[in-house]
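I've put the structures underneath this note.
The two complexes that follow have chain A in common; it is paired with chain B in the first and with chain C in the second.
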Partner chain A sequence: MKLTKTSKVAIVLGILPAFILYVVFAIYPILQSFYYSVMEWNGFNEMTFIGLDNFKKLFSDPLFWNSVKNNIYVVLASVLGQVPIALFIALLLNRKIRGAKLFRTIGFLPVVLSTVVISLTWSLIYNSRNGLINEVLRTVGLDSLAQNWLGDTKWTMIAVLVVVIWQFVGLYMIIFLAALQNVPGEVLEAAKMDGASEWATTWKITVPMIWDTILVAVILCISGSLKTFDLIYVMTNGGPAHSTDVMALYMFNETFSKLQYGYGSAVSVFIFFFSLILIAVVNKVLGKKMI
Partner chain B sequence: MKKLGFILMAAVMLLALAACGGKDEESKGSSKDGAIELNLWTDWTEDRPENTLSKDIIAKFNEEHEDIQVKIEEIPHDQYETKLRTQAAGNQLPDLMRVWPGARTAPLAEGGAILPLNPIIDNWEGVIPDSILQDYAVDGNYYAIPGNVSITSLIYYNKEMLKEVGYDEFPATYAEFKELVKALDEKGITPIALGNKAIWPLQSVYISTIGDRFTGSDFLNKALNGEASFEDPQFVSALSVIDELTKMNAFNEDMNTLDEAQSRNEFIKGTSAMHFAGSWAIGPILDSVENADNIGVAPFPSFEGGNGDQAKIAGVAGGGIAVSSQLSEEEQEAAFTFLKYYYDEELYQGLIKANIIVPADVEMDDSIPQIFQDANSYVKGGLAPVYDATLTPELTDIINNGLQSITLGDKTPEQLAKEMQKEAESK
Partner chain C sequence: MEKTNKISKQKSSKKPLIYLALIFFAIINAYPILWMAINAFKSDKEFAVNQLGFPKEFVFDNFANAWEIANLGVLFKNSIFVTVTATALTVFIGALASYFLSRFDFKLSKWLYGFFVFGLLIPIHATLVPMFILMKNLGLLNTPITLLFPYIAFHLPITIFILTSFMKAFPKDIEESAVMDGCGIFRIFWSIILPMSRPALATVMILNFIYNWNEFSFALVLINDPELQTLPLGLAKFAGQFTTDYGAQMAGLTMSLIPIVIFYIIFEKNIVKGMTAGAVKG
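Let's look at the complex of A and B:
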């Protein structure tokens, strides 16, 4: 009895420093932006209470909905692009193939690179006059396929999404590989003895056994893509003509270049609830509570 | 015993946390030897002669003044204003900071974050014309002393390429200019190198002057006050110039994916015949171009039927340093001493040598390059307001994005004008 009591105190005391840090640097700022979101404030002057006007303005701004739409594209591209591709590569690399280590390193490389480096490199690759893609297309006589990838609003979002997928495939690949290595060998062996084909083993045994990991990956994917910012900021800054604007970028520009701290806070409050709801829905749909 | 250990550990961790907060307080204010320490935020990260000059003057000031020490903190230009605004919102401005004039200083001044310099403004009477000092004034109070004048609209051209298509002189009217663009395009030469990824060049460089030639210099303030409308046909004509030039293939096709410096490099490399940029490009172009005599500089052509003065060029004072309003009286005095020392003959003379146009009248000798002397002489035609220094941040954002949409064919000049008017009326 006495022991549990002291250990409780010890637990509280032990948690306290981390807890205080978390409250001061995470919880408090979130509550503060709730407060700012009902204010009109340019960052310098006195704040004035304006109720829900910021949200009214937000919901009636077509540029905002445009950024939501683009953000959903990013989420879809991440979930439907990154996860399956990463799973496929991980399944391949999990077999005994020559140079698996090398491929693994190559696959993981983009994750280690700084986003700014990635963005600038891809901007060069996409350049319409002397970028790699158009040069290759022209060299093989496919001039008609060469596009102004980052300059033409028809293509910018697609061009950006390709980079988004490319950047994080490696991360999920490593996560899946780790999970695959934990699939017990005897189960696979048993399947083999029963005469199951490779295809059946993969779909009926391997994938179900790492399903939990796949769910975690999907949720990481969604929350990561909802706050995507750096890559697009450097590559296109949301342009041209807002064609690659996403929510975080919209919030940043409204807050800092137009000096609307109140309005910007309203945008972040929206992003907060939007992510929360989306993740709750995914958790429900995919069945298990993972995070 | 065990319990005590935990309490001790927790206490130590809390102390460590508290220590993070405490340090700041100590470092602010006076340093060990009793000298007043002033923090100055600048964007002097690039290795340019004017930056070195400013730093040298400050180093010299620190040497000569034992009781005042100015400490420089450098922040890259593109992040500078964002950082400043964020700090201002948190009430944590540095003691001294680089600021840009007009609408970009106004929020700081109106919020009472920076100190009026009225008590010491007489120091520059007769040295800097009041019309230029006014650029840093908000509601009759002066908030910074201009160090330079930045002309935002000049045309740099490659003389050889112009000769190839039969032009010895740069065309003086817009009609002739269009002929030149057509001739260059037919020859397969990109007429103008434009880098509009950051979306301000078309507005700041192009429309500031083109707009002024069509509408006259009072227009912007009138439109902001509701006495004029952005849907004015003259203003729409100005926006239409961008539309027309785009359709004539005047710009490189990757204009929306290059930034300003990249497009300047294209011009320096000789892949295009012209580059429109402000006086900030003089130094870099002279430094990197192979044959400086091959580069000419011209004012914008005149636009027929425009209401404005066809000789004016958009320009604005720059290089100002503002003083935080949170300083103690003693620190204020120190800051004033510093400003008086800094904005003096040595700075202006040095800037001229670095090819920077200055607000003060300074004599020039023959060692100054021709391009610079030409550019400097265009200032005599008078300065027109620069759009992003005059418009509200919201309107600047709309016109920046709108001009880009025009080049993409997503918007017409009329639509953009309408959108701007709507925003202006909503205030």
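Let's look at the complex of A and C:
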């Protein structure tokens, strides 16, 4: 529309509410965390400037590196678990299947549910005394396999990763299904006519044709799993013995349990740049632009 | 001819296997939730001996207990207030901004749009600590409207992203004829652009509704007062306190699931569309 004086005023009035809220409550906190990250501050007393000491402390804390390692497990489980399972189910659903709609509905259901509800439900399922898993094992006579799933450092991470995968398979399934529906049927028909097996058509034609979507899903998996916080906070709070600690949890506990706002801000800054850089690198490597 | 016959025969022999795999997947997806909902109706005694079957006798004590102990009435009220208010404000404020960003040519419009969309890249949990400090300085910890601010701010990017791309597609001459008829700029927004954007508005409303209804981290950091807790926060606190009261936990969780599952069944198409768009673009 053409710009007149009144329309300029209108533009300012129209954009201002969104701009102010966004700047004050989304951008400003991040800038603030840069400032706090070079301070020592317990939230109440005066701040003191300590330069990069917080970061030095961070990089020399084995517990921090432990949380980075666990975060990488979450990333790997998402990429290697969610994507293949979702692709497999999507390929199965992309045929003339009776009840396909019902399978889709059930498949997507966990994505809509609150992470807290999912974590609490699975905590009950993993419960060592009364949980579903141990109950099933006992019913079929495999008592010896029953474990303290969320209390034994050998099993906690695996137990958590299963839920991480479970929660989001449905999302990628739908994304893949949408892509599969755009693969022209004639191409597949032609391949069949030439006697290509289904296995071969799937791998040589279908998968390459939706490769872009698969890459997008991988990027989503990575950025999504860096955000893991709620699920583990509710299920284990990083325990036992830090075996399921991830970066966001480390930050949360260092800040609010030990009242180290300066140090916590330094961890925030690290997570912020770590996420942005990782997404940028993955975008670059996979040659895909997300936004 | 022979060849096609062979292929279709091959196919039919695979069908049972495909159904088997899909049914297995469906069970894994749905059973955890069903297991919990079914067991919520059992007495503690029955839960201890009969976990896998249907309840022999439906007991509603767990629901009454959960409602009372977990203060579910208050949690529901808070969740509904925060979710509905934040969603309405985000969509209105976002739509207004999108209208000017998409329908007017001014110097800063591209830059502003990029600035808003950058918000999609901000890892929310990295802002928990600074957000806490900010809200504390503003005296906004533990108030009924506390959560509205971060919820609106962090969902404006996806809202503006979806709405702007939708509004950009309208033909240019819409406003021109309206201006001829003497319509003001805000009048055009209210009576022409908003009604035309209905499909995209539905998508962002549903998206905001689900995100806000399920949100946990900000609530955890910013709300302490039990009277102000939202459902996810209240349930987590409740489960942490009454760790061995399985019946009440399951009943509480089941009740909190009901609204969102109904919402999902009614709006499935829109929800799936919105959340995949939200994910792919976010």
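We take it that the second predicted complex is superposed on the first by the 252 of 291 C-alpha atoms of A that agree within 3 Å, B and C clash if a C-alpha of one lies under 4 Å from a C-alpha of the other, contacts with A are read in each partner's own complex, and residues count from 1 in each chain.
Here is the rule we use: a contact is a pair of C-beta atoms (placed from the backbone, for glycine too) under 8 Å apart; a residue touches a chain by one contact, two chains touch by 3 or more.
What you see is a predicted model, and the numbers here were worked out from it, not measured in a lab.
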{"item": "Comparison of chain B and chain C by chain A residues contacted", "value": "C"}
{"item": "Touched partner set for A:29, first chain B, second chain C, both or neither", "value": "second"}
{"item": "Which of chain B and chain C A:150 touches, first, second, both or neither", "value": "first"}
{"item": "Which of chain B and chain C A:265 touches, first, second, both or neither", "value": "second"}
{"item": "First (chain B), second (chain C), both or neither touched by A:6", "value": "both"}
{"item": "Partner chain in contact with A:241 - chain B first, chain C second, else both or neither", "value": "first"}
{"item": "Chain B versus chain C as contact partner of A:256, first or second or both or neither", "value": "both"}
{"item": "Chain B versus chain C as contact partner of A:121, first or second or both or neither", "value": "second"}
{"item": "On chain A, positions contacted by chain B and by chain C", "value": "6, 10, 14, 17, 21, 43, 123, 127, 256, 261"}
{"item": "Complex contact set, residues of chain A against chain C", "value": "1, 3, 6-8, 10-11, 14-15, 17-19, 21-22, 24-30, 32-33, 36, 43, 88-89, 92-93, 95, 97, 102-117, 119-125, 127, 130, 132, 135-136, 139, 166, 169-171, 174-175, 178, 192-193, 195, 198, 216, 220, 223-224, 226-227, 229-230, 233-234, 248, 251-252, 255-256, 261, 264-265, 267-269, 271-272, 275-276, 279, 290-291"}
{"item": "Residues of chain A touching chain B in the complex", "value": "6, 9-10, 13-14, 16-17, 20-21, 42-45, 123, 126-129, 148, 150-153, 236-237, 239-242, 253, 256-259, 261"}
{"item": "Chain C residues within the chain A interface of the complex", "value": "3-4, 7, 10-11, 14, 18-19, 21-22, 25-26, 28-30, 32-33, 35-36, 47-48, 51-52, 93-94, 96-97, 99-101, 103-106, 112, 116-117, 119-134, 136, 149-150, 152-154, 156-157, 160, 175-176, 179, 185-186, 189, 210, 213-214, 216-217, 220-221, 231-233, 235-236, 239, 246, 249-250, 253, 256-257, 260-261, 264-265, 268, 271-272, 275-276, 279-281"}
{"item": "Residue ranges of chain B in contact with chain A within the complex", "value": "2-3, 6-7, 9-10, 13-14, 16-17, 82, 85-86, 88-89, 107-108, 110-113, 197-199, 252-257, 393-394, 397, 401, 404-405, 407-408, 410-411"}
